[in-house]
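Got a structure for you, written out below as structure tokens; questions coming shortly.
When the chains are written out, they are named A, B, C and D in that same order, and each has its own residue count from 1.
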Amino acid sequence: MAQFQASEGPASRVKASFDRQSIMALLGAGLGVVEPGRVDIVLPYRADLCQQNGFLHAGISTTIADSAGGYAAYTLFEPGEDVLTSEFKMNFLAPAKGDRYVASGRVVKPGKRLSICQVEMHAYEGEQATLCVIGLLTAVRVTPR
Amino acid sequence: MAQFQASEGPASRVKASFDRQSIMALLGAGLGVVEPGRVDIVLPYRADLCQQNGFLHAGISTTIADSAGGYAAYTLFEPGEDVLTSEFKMNFLAPAKGDRYVASGRVVKPGKRLSICQVEMHAYEGEQATLCVIGLLTAVRVTPR
Amino acid sequence: MAQFQASEGPASRVKASFDRQSIMALLGAGLGVVEPGRVDIVLPYRADLCQQNGFLHAGISTTIADSAGGYAAYTLFEPGEDVLTSEFKMNFLAPAKGDRYVASGRVVKPGKRLSICQVEMHAYEGEQATLCVIGLLTAVRVTPR
Amino acid sequence: MAQFQASEGPASRVKASFDRQSIMALLGAGLGVVEPGRVDIVLPYRADLCQQNGFLHAGISTTIADSAGGYAAYTLFEPGEDVLTSEFKMNFLAPAKGDRYVASGRVVKPGKRLSICQVEMHAYEGEQATLCVIGLLTAVRVTPR
């Protein structure tokens, strides 16, 4: 049935895995767009996520960017497979200041083993978006033995 | 006086800045070793810091590694100066599983503007340490105008 | 006069600097598109630029990607300023196999000191392009003292 | 026999592969130390390897660092296996100025599929060494089908 298929689809598998990432609940992050090869994660501002100057800590920007990139790869995997991050690199372009932050992951090159993703994080002050982080990430497909 | 000098020294400046990183309190992270060019940050295990398989989320490993690297650079700065991360790159070598995690930052090349730091994160299961993350980071010295 | 202005413009400054990069002549690389914030470098295939399997060596892909990125930043600098690479990160997506290679650098975020560039390298087999390298690069503006 | 075993050993396999990297001959680079998990590559200064200011081009530093890292991983592989670079990240700490350059690759974490290596490049002016490049690299083990 359609509903059953939906519950097997990439979006529902991403949601199920995301809901097990307890850190996302702690940070208050939620899933945004989930499409094949593309995932967004949305994080509202909270004072307790910041570094010494009141900007979102670079590691927290990275946390949502990492999950967005990993799940973007995951949308292209088969049911039963899992994803791990092998490595990433992030450049910080502007202080992360805003009322919410949106991390986007997009698969540049899917692979049998390794998928390469581009990630970005924008800070939003109302409708005004600032590109704060750009990065590259290698996601590993983990197949059950 | 000695005490006054101490309160001006790098270790106390690191501590003062670290205490303003509200995210460190949220995660439960604390300062470890603080020496010129070297800073450790210690994070006890908590279930709510994990990804979907119960390992410390790569972004949280990165968060403490980033702060360790940035503060390692900061120990070599002058009073009144601040530090920002320009970029970093992390490789994840093993799942971050343990009862506590220790991130270490070490300045490889101090600079007037840019300081390059090596960062590592070990997971400890009792006394047994596993190297989970290795990375490189560029810290920017911010001078007051 | 127009011609004099041209000889002062970014394109001619890029060309003058590129012509001093002796390694480009050794490799047989040439300038392609030069626009504000964007530079391409073209390298025809040569057997003596390869690694053990006959693909372009990752370091040579990187060499032209690095120059493309650095010069992309340089197009936005003032006359008399110079450019150095602070760091880069490259992901290799496919073996670099083709009759020519085109590296493109594009400024994502220009800065007073640091400019962040995205770089790519495509291999061309006739008209068929394959994305082989994607990377991020930090270029430093060097101002004469 | 010992001689036969030697010709099967990691050092001779590295040498055989290195000799097929035609780019190394073009640059004038040679093998230095080859030990399990560690490989050095030596490159004498040549004016035609430089960028616009007469320093070794960052891409050429990277070329020898990449080969040093990849071959360091390769020393731990089985005969018949090959190595490819998945990604690397390099930080440039000082202008590469000297009469010769030595790139060192060292395996930090060997793996069934992915091996993580640390790479460095020093410039030598006589006996004086300057650390010019530090980097991290992921090497992929390629097994014959």
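The definition used in the following text is that a residue touches a chain if its C-beta (ideal position, glycine included) is under 8 Å from a C-beta of that chain, and two chains touch if they have at least 3 such contacts.
Quick caveat: nothing in here was measured; it's all calculated off a predicted structure.
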In this assembly, which chains make contact with chain B and also with chain D?
-> A, C
Note: of the two pairs A-B and A-D, more contacts are counted for A-B
Go ahead and note the Å separation of the Cα centroids belonging to chain A and chain B.
-> 23
So what's the Cα centroid distance for chain A and chain D, whole Å?
-> 34
Pull out every residue in chain B that's touching 2 or more other chains.
-> 86-87, 89, 91, 136, 138
In the complex, chain D residues that touch chain C = 17-18, 20-23, 25-26, 47-53, 57-60, 62-67, 82, 84-92, 95
For chain B, which residues are in contact with chain D within the complex?
-> 89, 91, 93-94, 108-109, 116, 118, 131, 134-136, 138
Using the touch definition up top, name the residues of chain A that touch chain D in the complex.
-> 86-87, 89, 113-114, 136, 138, 140
